[in-house]
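Labels for the chains are A, B, C and D, by order of writing; each one numbers its residues from 1.
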Amino acid sequence: QELQQGFDHTIARDQRIEPRDWMPEGYRRTLIRQIAQHAHSEIIGMQPEGDWITRAPSLRRKAILFAKVQDEAGHGLYLYSAAETLGADRADLTQRLIEGRQKYSSIFNYPTLTFADVGVIGWFVDGAAICNQVPLCRSSYGPYARAMVRVCKEESFHQRQGYELLMTMMRGTAAQREMVQDAVDRWWWPSLMMFGPPDGDSPNSAASMAWKIKRHTNDELRQKFVDMTVPQAERLGVTLPDPALRWNEERGRHDFGTPDWTELQRVISGDGPCNSERIARRRAAHEEGAWVREAASAYAAKQAARAAEAAVAAEGAAA
Amino acid sequence: QELQQGFDHTIARDQRIEPRDWMPEGYRRTLIRQIAQHAHSEIIGMQPEGDWITRAPSLRRKAILFAKVQDEAGHGLYLYSAAETLGADRADLTQRLIEGRQKYSSIFNYPTLTFADVGVIGWFVDGAAICNQVPLCRSSYGPYARAMVRVCKEESFHQRQGYELLMTMMRGTAAQREMVQDAVDRWWWPSLMMFGPPDGDSPNSAASMAWKIKRHTNDELRQKFVDMTVPQAERLGVTLPDPALRWNEERGRHDFGTPDWTELQRVISGDGPCNSERIARRRAAHEEGAWVREAASAYAAKQAARAAEAAVAAEGAAA
Amino acid sequence: AAELAGCCLALGDDALVSAQRLAEWCTRAPELEEEMALANIGLDLLGQARLLYARAGQADGTGRDEDAYAYFRDADDFRSVRLAELPNGDFAFSTVRLLVLSCWRLAHFDRLAASADPVLAAIAAKGVKELTYHRQFAAEWAVRLGDGTEESHHRMRAALDRVAPYLDELFAARPGFGVDPAAIRDEVTAVLRQVLDAAGLPLPEAAALPGHGRAGDHTEYLAPLLAELQSVARAHPGATW
Amino acid sequence: AAELAGCCLALGDDALVSAQRLAEWCTRAPELEEEMALANIGLDLLGQARLLYARAGQADGTGRDEDAYAYFRDADDFRSVRLAELPNGDFAFSTVRLLVLSCWRLAHFDRLAASADPVLAAIAAKGVKELTYHRQFAAEWAVRLGDGTEESHHRMRAALDRVAPYLDELFAARPGFGVDPAAIRDEVTAVLRQVLDAAGLPLPEAAALPGHGRAGDHTEYLAPLLAELQSVARAHPGATW
């Protein structure tokens, strides 16, 4: 009780919970699940873009993309570390991912078909991620909030790079402009779905909001993303594929159409265009790396044994 | 003794030895070795060209190349069957190949670097193979001789196709002509080495000649190949990379330079540019196919058992 | 004519992409007999693609030749089904895919042999004989592997699971085929069930993937496949081979 | 200037081809830490390639930019060593290759940091820091794997056997480096021996392969690597990215 009061108090005063602080089991579990999903999303999210590193059409873009995908691996690492501060184990979380027992963002189950997708992912997907994550920089759990600060900084850099690639392509050949519009058409709705189901159907949100793990509802964030993106699309010269999209003077916000929630449900439940590809690739990497990890452990154990032996010998010599 | 006399008699009259005929152990062993090496050469020889099927620059060339490589698999099959008539076992021969205990033609240890190589291999390598193999159609061992008839017919077809590809390329762009000349430069000397070491250094030749397994010496065949190829090169408009190459009016044949026999030795002993690649690929295919072969055997065994059971049941019903 | 061209293009693209995947088996098959059979099937399909492209070039009024279709279109211009472009995987996956695609194609060609276009009808009639052999080869292996060892059975199940989401696309109604997709679905499903029953394997149900290869929606695998296929041809513009 | 250009081109090509192979590890590394390290090394090398190509374009008088070198040359115009272009193989092979190439490159850059060309000297000086880290990473893994499990030791031996025939090419005298190849050989061999001793691994002897990557002789692996690398750039002539 006393502990619960302390916890509630910390939350109420917008102060941070730290790893050694007491926390309710539900809070811990919810956080682990959310952080792990977030980490998994970073790792799986490397795949759709990573496949274009070898084919990037200029060395500058190759370097930018390579660095971006590397940043995602880094985000995955911080986030797994944040989850470990809550008592989770990285190897266990990876196992859950490759057995399909933990989710990752549905957006990464869509295929990247042309190099324009790299730009649009930067613009839409990193943009949506930022909308989602900027509030998480004020998440009540300290390590998660701090990881988010770094992640968001890098993602806003990625978003600008994606948009800049699209700008360059739109100034290029007709074929390039077509590629951009085609990529926008394919990624727009899946990006809107990144914010999750509509608030009415989002059962976990209330608790997360109360615990200040989350700070805004799915629909609020989705609206924010649309409002941010529409003027960017105009500047770029592309059409967002939603006939219902228009400025609502009264609300001071954009109205927009309803995403195909059954599609989201299908993708989340495992039947998206690339779910099985993504998991299979991650599993293969994990399994093919097993002998390397085993060798590293064996070597570490030998080194420890040698150090111990040396210490005993030194003691013996001293005696 | 009587058997030996009968064998000698058959050989002397240029008649054929057939599988059920008695033959000296040395004859059998020599033949198995030669036929196996020949079969291995067909199978390994699929690799350097086979890799270009997926990249052939027109559908017509793709079909031609695909068919050619398939023919080589077919040649391998006939030849392994011919070796089996001598008591050899295909699986055992394959094992010898992938363990490096039996050889294949040194020529297939050179890399194919451009599509022109496909044409030059047809022209030189199939041309050299024909020079080597036409006499083998009269080999004293019946099944080998008959296999050679079919192989030679297909190879002369392949040679014409290779030459025709080069003709087309020489009428094409400057880059295509350069590709052809470059390929000719790379393949000429290795092709001359296909006939084996000079006669003075070819220890097995004498016995093979006496048994009429072989019909001409290495140097005779090499000379024939050069005489055949020089006018073809002129018609094509390429230069053969041998400054010593000239017509010798007196001999009525071409003089030509000496191949780098130490290179041949190196390639035969395993240190050619692609030896380890070729064997590794063949081994991988064999090993990765193990579960398929096992499944086929298991299925065949089950079917046989079911048939036997059905027969017993039928008998029981009849009784 | 646009309908005819669309039909020829779709069937030609299926054949070319399939032939390319079969060519990747070259020097990698489990035995020489399968090496030759897979090459044979690849060659048949390549031949079909060439005839179909030639017909498409006449029918769509562009007069393009076979190589224009094969080498100078990008992935989103291809009208092949996505099942054809998936990587080869193991021999079980390649067998299951070949079984499905040859059942589907044979059912189609059977009907197209009576097509109003005499050229397409002749291509289809010739193809029927080839496809009957392809289906036979795949079916025999499906049974052997399904009813072989535990490992082969397990691999066949995994292959079927992998193929299942791509089945629906085959039977979606598309303009220009002049063939009733429902009838095709019934026929193909019946044949598949018969083969899989003999193999002791289930035909798994799976939700259809969104999008449609016939509309130019492809997987991430098609662009790299084409990059390889087209690399030499595109490196030498204006060359003849 | 031709000598300078040749030197920059060779070192640039080594770096680009190596970076491309490292990029293939992306999403396939044994752990996230190695994922990041391999990407980091790939990025360093890509950066070196870009600077070296820029210098080559000035020195050879053509004024070509980095992308002209990377995207619009064919395999036989590349001057990289063949070791760089071999497929990745397993983590042991990639580790051994990285160890060898980074030892060689570091020995070279160390000397080039005193080059008469100030631009090349600056590129080399920057590279020395990067390459010291690459070598460190590879050496640590070589020791771990050599002295890890039986399997990892066995894989390391196989990797060393595979690498051995490609070593000689690194030390063949080439014009334009202004560096004594014998001194490089001694230095690199000494470092390799030291690392391999710690790993309990032998440095196998092997006959050198004929031909020379610096003269444009390559393996069958370079053309497909470049086909992939160049596919998008070549599909869109005249585009900027």
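Points worth noting:
Here is the rule we use: a residue touches a chain if its C-beta (ideal position, glycine included) is under 8 Å from a C-beta of that chain, and two chains touch if they have at least 3 such contacts.
Being a predicted model, the structure only gives us computed values, none of them experimental.
Contact with both chain A and chain C is made by D.
Taking the mean of the C-alpha atoms as each chain's centre, chain C and chain D sit 41 Å apart. Taking each chain's centre as the mean of its C-alpha atoms, chain A lies 56 Å from chain B. Between chain B and chain C, the centres computed from C-alpha atoms are 33 Å apart. Residue positions of chain B touching 2 or more other chains: 55. Among all residues of chain C, those that touch two or more other chains are 223-224, 227-228, 231.
If touching chains are joined by edges, the resulting network of the protein chains shown has some other shape, matching none of path, cycle, star or complete graph. Which chains touch which is summed up as A-C, A-D, B-C, B-D, C-D. Contacts from chain D toward chain B in the complex involve residues 75-76, 162, 165, 206-207, 209-211, 218-220, 223-224, 227. Contact residues of chain B toward chain D in the complex are 48, 51, 55, 111-114, 182, 263, 266, 271-274, 276-277. Residues 16, 19-20, 23-24, 26-36, 39-40, 42-43, 46-47, 49-50, 53, 66-67, 70-71, 90-91, 143-145, 147-149, 151-152, 155, 228-229, 231-233, 236, 238-241 of chain C touch chain B in their complex. Against chain D, in their complex, chain C makes its touches with residues 74, 223-224, 227-228, 231, 234-235. Here chain B touches chain C in the complex through residues 43, 46-47, 50, 53-63, 66-67, 69-70, 73-74, 76-77, 80, 115, 165, 168-169, 171-173, 175-176, 281-282, 284-285, 288-296, 298-299, 302, going by the rule given at the top.
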